[in-house]
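Chain IDs A, B, C and D follow the sequence of writing; residue 1 opens each chain.
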Amino acid sequence: MAQPIASLGPCLFPSPLRHIGGTEAPFKTDGDRVLFEHRAAGHSEAPSEPVSFEEAGPRASIFFDPPRTTVGIVTCGGLCPGLNDIIRGIVNQCTYQYGITRILGFRYGYEGLVQPYGHTPVVLKPESVAQAHNFGGTMLGSSRGEQDIGAMVDTLEDMKVDILFVIGGDGTLRGAATIVKEIDRRGLKKSVVGIPKTIDNDIMYLDKSFGFETAFAEAVQAVKCAYIEATGAVNGVGLVKLMGRDSGFIACYAALAGSNVDFVLIPEVRFCLDGPRGLLEMLRYRLAKRGSAVIVVSEGAGQDLMDATGATDASGNQRYGDVGLFLKDRISTFFKDRRIETNVKYIDPSYIVRSVPANAQDNVYCSRLAQGAVHAAVAGKTGMLVGRWHGSFVNLPLDLVIHGRRKVDPRHELWHSVLESTGQPANFCEIVSARD
Amino acid sequence: MAQPIASLGPCLFPSPLRHIGGTEAPFKTDGDRVLFEHRAAGHSEAPSEPVSFEEAGPRASIFFDPPRTTVGIVTCGGLCPGLNDIIRGIVNQCTYQYGITRILGFRYGYEGLVQPYGHTPVVLKPESVAQAHNFGGTMLGSSRGEQDIGAMVDTLEDMKVDILFVIGGDGTLRGAATIVKEIDRRGLKKSVVGIPKTIDNDIMYLDKSFGFETAFAEAVQAVKCAYIEATGAVNGVGLVKLMGRDSGFIACYAALAGSNVDFVLIPEVRFCLDGPRGLLEMLRYRLAKRGSAVIVVSEGAGQDLMDATGATDASGNQRYGDVGLFLKDRISTFFKDRRIETNVKYIDPSYIVRSVPANAQDNVYCSRLAQGAVHAAVAGKTGMLVGRWHGSFVNLPLDLVIHGRRKVDPRHELWHSVLESTGQPANFCEIVSARD
Amino acid sequence: MAQPIASLGPCLFPSPLRHIGGTEAPFKTDGDRVLFEHRAAGHSEAPSEPVSFEEAGPRASIFFDPPRTTVGIVTCGGLCPGLNDIIRGIVNQCTYQYGITRILGFRYGYEGLVQPYGHTPVVLKPESVAQAHNFGGTMLGSSRGEQDIGAMVDTLEDMKVDILFVIGGDGTLRGAATIVKEIDRRGLKKSVVGIPKTIDNDIMYLDKSFGFETAFAEAVQAVKCAYIEATGAVNGVGLVKLMGRDSGFIACYAALAGSNVDFVLIPEVRFCLDGPRGLLEMLRYRLAKRGSAVIVVSEGAGQDLMDATGATDASGNQRYGDVGLFLKDRISTFFKDRRIETNVKYIDPSYIVRSVPANAQDNVYCSRLAQGAVHAAVAGKTGMLVGRWHGSFVNLPLDLVIHGRRKVDPRHELWHSVLESTGQPANFCEIVSARD
Amino acid sequence: MAQPIASLGPCLFPSPLRHIGGTEAPFKTDGDRVLFEHRAAGHSEAPSEPVSFEEAGPRASIFFDPPRTTVGIVTCGGLCPGLNDIIRGIVNQCTYQYGITRILGFRYGYEGLVQPYGHTPVVLKPESVAQAHNFGGTMLGSSRGEQDIGAMVDTLEDMKVDILFVIGGDGTLRGAATIVKEIDRRGLKKSVVGIPKTIDNDIMYLDKSFGFETAFAEAVQAVKCAYIEATGAVNGVGLVKLMGRDSGFIACYAALAGSNVDFVLIPEVRFCLDGPRGLLEMLRYRLAKRGSAVIVVSEGAGQDLMDATGATDASGNQRYGDVGLFLKDRISTFFKDRRIETNVKYIDPSYIVRSVPANAQDNVYCSRLAQGAVHAAVAGKTGMLVGRWHGSFVNLPLDLVIHGRRKVDPRHELWHSVLESTGQPANFCEIVSARD
């Protein structure tokens, strides 16, 4: 089943890439597809029409006439390594490859698209972004939260923006989908293309999200420090809280890289604290055996435990309790009650992890995502985002992606690699199966 | 068409992984396959039996009885980031997951497998490899070149080695294939499993080789220095030679990451120096426009030019001329002849690039390759290697892989991304098509 | 006035350094001095006998006979970069330069010197410390707090330890001074030599303490992240709490290096929050002008403010209130009350800053401190520590150093450089002079 | 004996620093001195007037009227970490502390001060240098060599430059001294203040030169790679050539930091290759014992050997032979002649070492040097440079400094620390004493 991408109309302009260097660009057609499923059981029948995604890349003909096209860029939500790389990549690609010269950077996320905040957009040129990739954060600034859809489309009309690149997470992309609908309702010819941002790496149908490799590499540094702290004290426990509200990818990868982690706790796998097979007894056992232990916990893990103990906010399911502080308290109490000396060192490196510059891997990945986003937008595609699936860059419908999150599957290899690497039990209590 | 893996015989022992943490391991069967082709043209027919690879992973039953099994590890050829990670991963996986306790590390490559050199193997335990991943190089030492196959198999017999893990490049893996044949000829039941090593990332049927991400990230540092040197002098030219005898992947990725590169020269794309569209005139033009330029060249690029000029060795096609020094000379002469001041700074960071410790990405990748190699070997698979294809770990027949090299395809996206990023012409002379 | 170092007695053994490489070692005598004061007012009279310190370095004759000498090493208190370098340096220097072969590493600080804890000392050899400097923390483990002096000297007697190297901070060195007294009371011939450790760089009569350069360099990374976070949000405020209970050196240096810091708050300079010249109004002004701000605060700063507000512990002057959280609350409330959107991002990188490996500067510095400590100890010096004063390594009496802390002088250049760099007012309220 | 600094005349303007933050700046007078000698033999007499340097720092009154003052900055010679920090520091200090708003950056060294090259100076503002310290090299560009003194002073007159900051090495500072003389000859009131740059750390009367700490830390990375290469091969020899034409400081410090170095060869200490105590035999012995060895050689070491063998240029004493390649050849030949397998890996990291951004230590050091230079220049001091002596910033007469180089003294502690750390013999042949 092909996943179609919405289009603004027929492409009447020949692509300027035809002439680059006197060679033919590797143009793609919408018929170039990447299969969703690349595994096959031995003797199964191939489905009559397998699910596939449109391959990203330049089109021979494009929808927008570059000299008359205005591009807008906006970055929303929390910081993530690579934002500046994406901005820079879009500006360079629009300018050098397509000859688009009017590029506006909206300030502070969706706030920059509505009037009352008074954030004036900045004009972006290759010179203004030349060194941007050497810095973390976003040169445009960011903000959280929704803004009035109509007002945002008004701004796009007022400023004659033809193409809007939206870089942001879940909520941002849902906003982008609504903007697309409003543009459509008004009968406008404006393309909206997303580049999905989530440091948690939890976007559906994507190999990985940009910034993830940088983030977990930085997280590894914190885990190494936790290990050093743990081994430097009597019964030292290094406790690191990492990003991951619903998905424990950063925690898993950080554990696999550092390889000195004793326990990984992620949102996808429930765990108990108490009882003979609970985390606390397991930790006691590990300390007795090794003299120290390192625990990596995703911020979204163990939320049910905190509700049960009443230790935290309970202000609806939006805000999470601080599982790091919670565990620190519970571990300290547990050993104090048993008169066992322990030294718990708690590290929460979140702001450091998310604000570093993108590393070389993400530099390349962001450059190529930006190139793909521009190729799609100038071809009149809209309501979509670019991503990478099994190593190939693809165009995905916004609607497909925003209806779910990718998670660590406790039955698959990644989690099993973590179990093999840490030696932790597959579950920390009898009742775990109740959830799964 | 399935690519079958040779097997030593039926698996009679239940895997010890059955009992890990009270949960079922994600066992694979040989029928779990990963498709070679994951792209599809819109309306094409599916082939009757698509090419597929065997998925890597643990098997429910295994061939070797762990308490009676001896494992050997050998690392061959040039250094590459991640060698110690692989060694460490194999030792940990054998010990902790399978209960194999006799693990020998052969010293200095294949030399360690034959008598005259007198390199005594070291006994490897988890404690002896605990911190190995924090260091570059190989703790076992390495060497280049072939050794007598019969003598090596004699050693395996003498030392009762049941499983040999061979970490090395092309030549090493060809040697491993010959060892497999000799083992087979003698009717022995010994598994030989390879983990392909090539910093050039030029192994067929593999997403990437281990160490590549670390290597190109390190190469980026050298490119950044070349940029700083170039911009710091009148008509500064920063020239960086990177690894890549037959394939320009490191050069391409380093250019995409740094993004301040003006020209990328790779073995796969022929170029001219002279003439109105040759590199030298293009460089003159770029200097006039920007005041400085950065050139990244793979060591295997431009070899035809050096033959033509007689500037270098010509000792057969084995040994390559130093294209870096060659270009440095030619560029300096070109501008001196025209009385234009230039400052060419030539950087050859090869030993630094290849000897750094693996970064976090490669830490994880190597851990998982090692896990996969051990899973395959204990299940009695042989004459194969582990790799990753489109994000999934697979078992590949040795014979399939050693008959070719992966290359940068000048007609595909990667090279086009490089052209878009550098703005260099697709070719540097009229006659380029003659080769392609 | 010379600061004399206590001695165990006459040096009867010729130094083995006499023979190193067939050249004369640069032996020092106790008459080689380093002046305390190296500034001079133009026409002032030189004092009759200026204060001076004994120069560190090898002596031509030594007190202990190396083959019969046992050395002990103990590390106490919080982690600090360079601990492993010191341990390694002592082991290498004792072994290779002096031929001392029995070296014991006591585990977990002073706990390792008393019986009830049951920590067995480890035997240290050059091989066991060969790679130690590549890791943060201490390979011996550490602990805080005092132990029974008599019991510790009993252990030294039982284990026939002739020389004890004590690496630790204030409290640890006071303990060392008491151990010296007890050794003296018992009429024993044991040397106790300290190497002062304080990440705060607040040791009297020392240019700098080991680990300080590494620590502030690491702190700079956190400050850069705070800057990125601050500039990435509307009215973003990056707030970083750094070590420094009584002295603000790390905060000052981190601010000077990063140079994007708007306010530095240190224990030595009192500040007000409220009022027209208080920090909060100044911050409002800065945000209005620049759109973001970065604040670096030492953990010991503003303690009087927290007492006043009752916001924190008040459990005696030992435990400090968390000035970071306090400021975060007060800033957020201040702007919320005025309906001004702000985004305060609070970073506390303490555990990361203190647990990283020593950088190259500290590698060298620690090596040389260790060499100096061994030179002094084998010469029978005791009750002293090694340090560096105006670039020269010196032996200082323990008693001299433990009676005070070095502080940032608000009237001197360092603080003025900070003021010049941040542009912050010299004080944040009228009443500041009351304290100074 | 006081070392006087030349002055343009009486200071009639009150320093604007008087008013910073409502507090008194720590103004210095010319009578504030730092003693040259801070060591004292026990009972010696104090000299009647000890040698001392003028302390750097702000003066209460200044010579130039800031609103009417024009500042110029020029960077000359090879790259060195920290150049951008110095430029940035000067611009910030002039602007924010003194209110000087016209600051010109001359391009490409002294070339930018003479007409024929046509390099237009850039106007420097705090915004244009805000991120400069994050990058290596010099944002102004640099060049080597002399230019016509009269023409340069003409330019200063034409552009009404009152203060010229010259950042460069030996030759550059000699040029600056000549500019001072020409200014004086013409009766002009222009200040010329130098900031000495030498990555070799060989400036007289200075604790260290800026960039040195960054450089040797980067050099350590190369030495670590050499160690990894050496230990990864049979009889591996890692050979690293580091900067140091006349002084071996970088080599010494890199060896002390890495501590896995077996031989350090510096210009100050002659060595033999052949004979029973020559380097080659010593290397053979070390390889037999350890299986690998690391050699660090300064570029200026062993020049006499190359002349003797005729292996290299001999084009006058200006240009040095490449001692790295020379040693590589000689070592390889030596072992090949003896049929001993060796693997020599030669690393020359010069361009990488010198082009990296300044580290945190140098960030701070450069900021403070820049502050000191501006303080001196606005006070009308000229023909001088700023430096640090025994931890205090001082003003030094240009003439004093340019007449010599600081060297590693083979009889002092630094070299002895190196010998202790490497275990190498103090000399490699009998005849060494002939030179010393």
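Just so we're on the same page, contacts are C-beta pairs under 8 Å (C-beta built on N, C-alpha and C of every residue); 3 or more make two chains touch, one makes a residue touch a chain.
All of these numbers come straight from a predicted model, not from anything done at the bench.
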item: Chain whose mean Cα position lies farthest from subunit D; value: A
item: Fraction-based call for subunit D against subunit B, same above half, different below; value: same
item: Centroid distance [mean C-alpha coordinates] between subunit C and subunit B, Å; value: 45
item: Length of the line joining the C-alpha centres of subunit A and subunit C, rounded to whole Å; value: 41
item: Subunit C and subunit D, separation of their C-alpha mean positions in angstrom; value: 29
item: Sites on subunit A at which at least two other chains make contact; value: 135
item: Sites on subunit D touched by subunit B in the complex; value: 79, 108, 111, 117, 135-138, 141-143, 221-222, 224-226, 228-229, 231-234, 345-349, 351-352, 355-356
item: Contact set on subunit B toward subunit A in their complex; value: 2, 20-23, 25-26, 29-35, 38-43, 46, 50, 52, 55, 57-58, 88, 92-93, 96-97, 133, 207, 213, 216-217, 220, 253-254, 256-259, 359-361, 363-364, 367-368, 371, 390-393, 411-413, 416-417, 419-421, 423-427
